[in-house]
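Letters A, B, C and D mark the chains as written, and numbering starts fresh at 1 in each.
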Amino acid sequence: MSGEKKTFSVSKYSKLIILAVFILALSILRPKAFLTVGNISNVLWSVSVIGIMVSGTIYVFLLGGIDLSIETLCGLTAVVIVEVVTHMGNSVGGVIVGILAALGVGALAGLLHGFVITKFKVPAFLVTFATQSVFLGLSMIITNNKIVSCTKPKLFTMIGSTWVSIILMVIIAAFSWFLLSRTVFGRRTYAVGGNATAAEISGINVAKNTILCYVISGLTTAIGGIVLASMTQQAMASTGSGYTNDVITAGVIGGVSLLGGQGTVQGAIFGAVLMGLLNNGLNLMSVPSTQAGLVKGIVIIVAVAFDAMQHADQSRKKVRKVVKKA
Amino acid sequence: TLQKTVRVDKHSPAGEGTAVGGVSNKVKVDPYTEDVKIAYIAHDLSTPNNQAWLEGIERETSSWSNITVQSFNAESSAETQVQLMADAINQKFNAIIVQCSDGTALAPSVEQAEEAGIPVITLNLDADTVHSALVMAPDYDAGRMAADKMAEQIGENGNIAIIQGVPGLHRTDNLEKGFRDTIANYPNIKIVDAQSASFEKEKAMTVMNSFLQSHPDLKGVFAINDAMAEGAALAAESAGKGGGQICIWGADGEKDALEMIENGQLSGTIYTNSWDQGSTAAKIALLMMSSEYSYNVLTETPEVIMEPVVATKDTVGTIDEKDRW
Amino acid sequence: MKKMKQTTLRRFISLGLLLVLIILFAILGGGLFFNADNFIEIVRDASVVGIVGVGVTMAIITAGIDLSTGSVMALVAMTMANIYAYTLWPIPVMIILGILVGIAAGLCNGYIIGYLHVPEFIGTLATMGIFRSLTYIIAITDDNGVIQSQPMTVYGFASLGYAAGYFYLVTIAMIVFIIVGQIVLKFTRFGTNVYAVGANKKAARLSGIKVEKTQLIVYGISGFCCAVGGIFTAARLQSATAAIGDGFEFDPIAAAVVGGVALSGGSGDVVGTLIGALFMATLKNGVLKLNMNTAYQYVIKGVIIILVVMFDSAYKAHMDRLAKERGAKEGAEE
Amino acid sequence: MSGMNEIILEAKGIYKSFSGVPVLQDVHFDVRKGEVHALMGENGAGKSTLIKIITGVYSKDAGTIEWEGKPVEINNYQDCQKLGVACIYQELSVIPPLTVAQNVFLGREPRTFGLIDYAKMNRMTQELIDRYQFPLHPATLVENLGMGQRQLIEILKGLSQNSKLLIMDEPTASLSGKEAETLFHIIETLRSEGVSVIYISHRLEEVYRLSDRLTILRDGQNAAVLNREEIVPKKVIATMIGKIVDESAGSKKMLHSDDTAPVRLEVKDLTDPADRYRHISFQVHRGEILGLGGLIGAGRTEVVRAIYGVDKAKSGEVILDGQKMNPSPKTSIAAGIGFVPEDRRSQGFIPLLSTTRNIALTNYDIIRKKGAAVSYADELAMSKKAIKDIDIRPADPDKEVGVMSGGNQQKVVLGKWLMRDLKLLIVDEPTAGIDVGAKNEIYEILENLAKQGVAIILVSSDLQELIRVSHRILVMRKGDVVKEFKNEIVTQSRVLSAGQGILDEEEAQA
C-alpha cells in the first residue's frame, strides 16, 4: 500500500560529473576518434529513437506503470508507415498519410492500454505484456512476415537522417519537458504517480490522466517507429526488438523511478545519451561484444551506485561505512 | 593450455539416448495419398531467411491438399526449440524440418524424434547427431569466396573490418572463420576491427559509424549477414563514403541486398536460394516418410549442399527475379 | 479465518481460470491438446520457470525484481561445462560447484541492491549483462577460439533430464521447490520479513527488520533457484552453451505476475507463481494445437491473456472491497 | 517506588543535521526508572528525530547515549530490544499485508520446529487484545483496517515486548476518548511496575495527567526540563512556543448555533452500500461548525467521504445551497467543498512533491497561466502565502512534504483549501499530531472561515477539540446518528457516553 519510494534521483550535479568523467576518459583514450563532430552526432543519432520514445514513455513510468509493448508497437507503426508509403506509390502524400496512420495506431494502442488499466484495474505489466504479443502478431500478418522496404521518396528517407532525427529528438524532448514541468497536466501526472489516492481526493481525474499518459507513450513510440523505419528504409515484424529494454534502461539510469512519481525528461535523455556514449566508447575501444556486457554492467552499477549512495538515507551509519570503503 | 578430458559412462544409458543401433519404429506413410503433416521448427521466424525457407517448404507441398505444414517459432532460443521438438514428437508429425539453434543441445531431441520414427531434416543449422538429412548452404566456403572476391576488389591491400552476429552460431562462426582464414593469405590486408551488431540493420549502422570514426582509411567491411551489410552501406552513404568507396560485403543474398548490389551501394554477397533450400528440405521429408529407410542404418548424416552464387555487380544479373527471396 | 477465506477464494479463481483455459483448448484443439502425454509435457515446460520463479517471486515480494536469472543459469551451466570438459571430478561435485556459483551470483545482486542502494531493476539488468559476458568469457572454445557447445551426456548428469515414473525429475524438483518456498514464505520469520520489506521498507526498518540483509538473502535464494534451473536446463539439453537462458528472464516474472504477485511488492506467493507458470505453459502449448499461422498465434495469445486478466483483476478488486468493508465492521464491534 | 531516581537512559550532547540543516543541537535528555517522562515541543522541534536517534534508526552526528550508566551503541532496533527498549513510532510501522497478530509479533514470532506457530501466535495476540480490550481480531489483515485500529496495533506491539523503557511518539493521535483512556490506565499500571515511559503528545491534558517530568525542545535545543510540580500549563506552553496561548480547558461549553442562517448543506437519508452507516440526515447552516463525534469505527469518516464524493453512497441526497450534488471530488471542489482526509499520509499529500506543488494541486483553476504554462510566480506566491498564513515549517516552499514533521504535513494538507473560496469545508481529525500553538491557529482559522459564512463539518476524536470548536455536535454510533447536542451545555463525558451508547448522563456517571 504505502510502499516506500526508493529515494533515488540523480541530482543535476552528479549527473554532470558522470557525464564529464565519461567524456574526459573517452577523449583521452581515443582523442582522434571521439571528440569529432561526426562522432558526437553519430552518438546522438544512435540514441535518437530511444530518446524520442523515452520522452513519452516517461509519463507511464511516472505513474508507476510500465510498457512492455514498446518494441512491438514500434515495429507495428514502422510496418504501417512503410506499407502505406509503398501502397501509395512512394509519394509525398503517402508519407504524410503514413505518418498520420502510424500516429493513429500508436494513439489507439495507448488508448487501449489506458482504458484496460484504468477501467479493469489490471496491472500495466500484464496488459502491455499481452498487447506486446498482439502487436507482434499484427505486424506479422500485415507484412506476411517479410521485410518491406521503402527507399523513396526523399521526404521519407530524410526523417531518419542524422540531423533530422537528432533535431526531432530534441524537439520532442523539449515539448515533453514543457508539458511535464510547466503545465497543469504535468503537475497532475507527478501527483498521480506520487500518491494516486491523494490525487483522486484532490479532485484529479486519475483515470483520465492515466489514459492520456498512455496515449502520449503510444504516440512517441509511433514516432520512434517512423524514425526507425526511415533510418533503415525498411520495416518488419521484428523492427524495434530490444527497444523496450533500452528505453526503460535509459529512463532508470536517468533517475526515473519505476515505482512512479520521480524523474524528469532531461534525466531520461541523459540516460539515453549515457548509454549511447557507453556503446560508442566500447565500439571505439574495440571491446569484443562478448565482453561489452561486463564493462557496461560495471559502469552502470558504479555510476548509479555513486549516485544512489549520495541520495540514500544519509542518516544510516552502515551506508556511510560502505561509502568509505567504496 | 587446458586439456579436455574424456568422461566414460559407467552406466548403460537407459531410456532416452539409446538411439544408435536401436530399432526405429518407423511407420511408412504415402504422402501423396494419406494425410500427413510436416513441422517446420524455425530458429527465428521473424527473419527473412526463415520466412523464405518456410515459403519454400510450403511451395513444395502446396499442390497436395493432404499435406499440412505447421510452422513453429523458437525465437532464437535452443530451450524453446527443444520444447517445440518435444511437442512436435507428441503431436506425431510425419516429418520435422528444423534449424538447430544449437546443434549440441538439439541432438537429444533430434535423436528422440528419429527414435519415434519421425524423420528429421536439418536446414542450414546441423544437429550433432546422425539424422535423416541436412540441407545447407556452404558456410566456411562462403566465407572464403567473399574474402577472395573482396581482396580482389580492394586490390589486395588495405584495412578491413568485420561486423559480427551473435556469437555461438555455427553457421555464422564458420562464415567468419572461412573469411579470416582466407584473408590471412593476403599479407597486405589487415583486419583492424570486429564488432557485433547482433544481425540487426540498425545496430550495424551504429557499428559502421564508429568504424568510420576510428579507422578513416577503412577499405572494406564484411558483414556476416545481409541485413548488417545493408546497414553498413546506409551508414557509409550518409557519411559521404557511399557508392562503393568502401567495399561492403554481406552473406545470404536476400532481395534487398541484391538490389543494392545492382545500384552499386553494396559490393557483393554470397547468394543462396533459400526458397530452393526449403523446397529441397520438404522434398526430402516427403521422401523419407514414405521410405522404409531409417536413420539407424546411417553412420553419417547425408548432406545436400546448395550451390552458392557469388553476387557482385557483374554477376547479380544472372540471379533471376523469381529466385529473389 | 477471514484471511484464509479471502486468499483461498482467490486461489480458486486462479485455478478456475486455468481450468477454463484447459477446457477452451480441449474444445478447440481436441485430442492433440487433451491427452496425458501433452499435460506431462506442459508441466515439464513450466518446471524450470517454476523453480526459478520461487526466487523471482521472493524478489518481487520485496518490491524488487530479478532480471539476471537467465544469465545466472548460463553462468552456472558454463561453470559445470568447464568442470565437465577439463576435469574428471565427480558429477555431484560439479553440481555443487555450479550451485555455489549461482548462489554467489545471487549474493552479488543482493549486495548491489541492499548495500549499494542501486535500484533493483537497473542493478539486476547490469548484472544480467555482466554474468552473460562472464559466461562468454569462460565459454568452451575450439582450437580457433570459436565458441562451442559442450556436450554433457554422461548418464549421471543427463539422467537429471529424464522422467522418474510418470513425471520428469525436473517436475518433481519443481514441486519440492514450490512446497519449500511456500513454507519459507508463510511459516518462517524470514518469510514474514520478506513481505514486510516489500510492503513498506521504512516501517520494516522501524520494526527492527534488517532490510538489507533480507534483500541479500532473497537474491541469494534467487541465485540458488537459478542454479538449479540452469542445471536442469543443461541436463535436458545434455549440453551447455553460453546462450542458455537468453531471453528467459521474462518468463518467471510473467508467471509470477499472472499468478497474482504484485510488482509493487508485499503480496503474492509461490503457489500463485506456479499457477502462473502452468497458465503460461498451457497457453503456449495450447495455441500450437490450433493449427494456425504463427502470426495469428501471437494475436490469440495476447487476446486470451487480456481477457483472462481483465476478469481476474475485476474480481479481485471486488473481493478486496468486500474484505475492507468486513475489516471496518470488525473494528466497529466493540 | 524504589530507585525512582535511578537514571535508566541518558542522552548527552546530541547533534543531528539533515543535509546540512541542524535539527538537534546539544540536546540532553534523561529518563529515570519508573517515570513517565513527557517530551514536548512544536511541530518540527526534533522530538521524533531524538527518539529515532535513541532507538538507532538514525545515527547521531555527535553525542553519547548511556543505558543504566554505561555508554551504549544502538545501531538498530534489535539492539534496542536487547536492552529492553520498545518504541511506538509516530509514522506507524505496521505492515499492511500482514495480519494483526503477525504485526504484533513481527520478528518475535513463536515457533515450533523453526516454523511459525500461527495458532499460538493468534492465541497470544487474542490474550493481549482481551487484556486491553481493543477492538481487534488477530487474523484480520491490517490493510483492511482504518487508522485508529492501526494505531492500536502499534500500541499492542509496543506493550507486548515487556520492556524496561517504552517510547510512545504520539500514540493517541488517531485514538478516540475511549481507547485513549484505556491507554492511560495501561501506562499508569506500567509505571507502577517500574517501567519507564517516554511520552510524546500534543494533547496537553494527557501530558499533565500522566507525566512525572517533562522535557521541552525548542528549535532542536533543550528549552527546559520540568519536574512534576513545575508542570504548569501556561509555563509549558510559553516555553514551548514562546508565546502565551489561552488553553482554557474545553471540557464544558454552552453550545450556540444559529438556526436562522440559510442552510448550506443538507444530507438526506444517506446510506452506505456496505452498511457502515445508514439513513444519515442532517443540515449544516452557513457559518456553522458542526462537530461529528463518536468512537473509532462509528462511521463518521465514511459519511464525510460520501458527502465529498470519494466513495459513493448507495442512496440518499447531498444538497449544497439548494443544488442537488452528484458527489465526486472534482465536482465537489468546483462547487466549493474542501476536504481534509483522516489519513494524511496515504490520502492527504504527495510525499515526493514540494509544499508548493502540494498546495497548488487543488487550485490550478485559480492559478494564472501563461499560455499553456502554469505561472510559476503565482504558484510560488500561493505557497508562500500558505506558509505564512498557517506557519508551515520549514518555510521552504520547495521542501518535499514527505520529509516534513507530521504536524507540518497536516498544515500543508489544510493549507491548500484555505487558498480558495469555500462554501463547505470538511475536516476529518484536522489536528491529529499538531502542536498546541498550531492547533490554536487551526481553530482560529476554522472559526474565521465560519465567520465568513463557510459551513464546516469537523470530525474529531479529540473531545476537547470537538467541544471547543463546534457550534453543534452530532454523535454517531455504529453507523447511526444517535444524539444531537444543540444549544445546551455539553461536557466531554456526555459526548463520550453518547458515543458508547449510554444516552443518559446521570447513568453514565453512576
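Methods note: a contact is a pair of C-beta atoms (placed from the backbone, for glycine too) under 8 Å apart; a residue touches a chain by one contact, two chains touch by 3 or more.
None of these values were measured; they are calculated from a predicted model.
The chains that touch both chain A and chain D are C.
Greatest Cα centroid separation from chain C: this falls to D. With centres taken as mean Cα positions, chain D sits 43 Å from chain C.
Note on chain placement: the centre of chain B and the centre of chain D lie 71 Å apart, centres being C-alpha means. Averaging C-alpha coordinates per chain places the centre of chain A 33 Å away from that of chain B. Of all residues in chain C, those touching 2 or more other chains are 136, 139, 147, 198-200, 202-203, 242, 266, 293-294, listed in ascending order. For chain B, residues touching at least two other chains, in rising order: 45, 167.
Annotation for chain A: residues touching 2 or more other chains are 1-2, 140, 145, 237, 290, 292, 318. Listed by label, the pairs of touching chains are A-B, A-C, A-D, B-C, C-D. For chain D in complex with chain C, the touching residues are 57, 76-78, 80-81, 87, 89, 91-99, 102, 106-107, 109, 111, 114-116, 118, 135-137, 139-141, 143-146, 148-149, 157, 274, 276, 295-299, 302, 478-479.
Every residue of chain C that touches chain B in the complex is listed here, in rising order: 32, 37-38, 41, 44-45, 48, 84-88, 136, 139, 144, 146-151, 153-156, 158-159, 161-163, 233, 236-239, 241-248, 285, 288-289, 291, 293-294. Those residues of chain B that touch chain C in the shared complex are 2-5, 7, 9-17, 45, 68, 70-73, 75-79, 82-84, 86-87, 90-91, 101-108, 128, 166-168, 173-174, 177.
Remark: chain D residues 16, 18-19, 57-59, 75, 96-97, 143, 308, 310, 329-330, 332-334, 339, 341, 345-353, 357, 360-362, 364, 369, 372-374, 416 touch chain A in the complex.
Chain contact summary for the complex, chain A toward chain D: residues 1-2, 5, 178, 182-184, 187-188, 190-191, 194-195, 197-205, 261-262, 314-318, 320.
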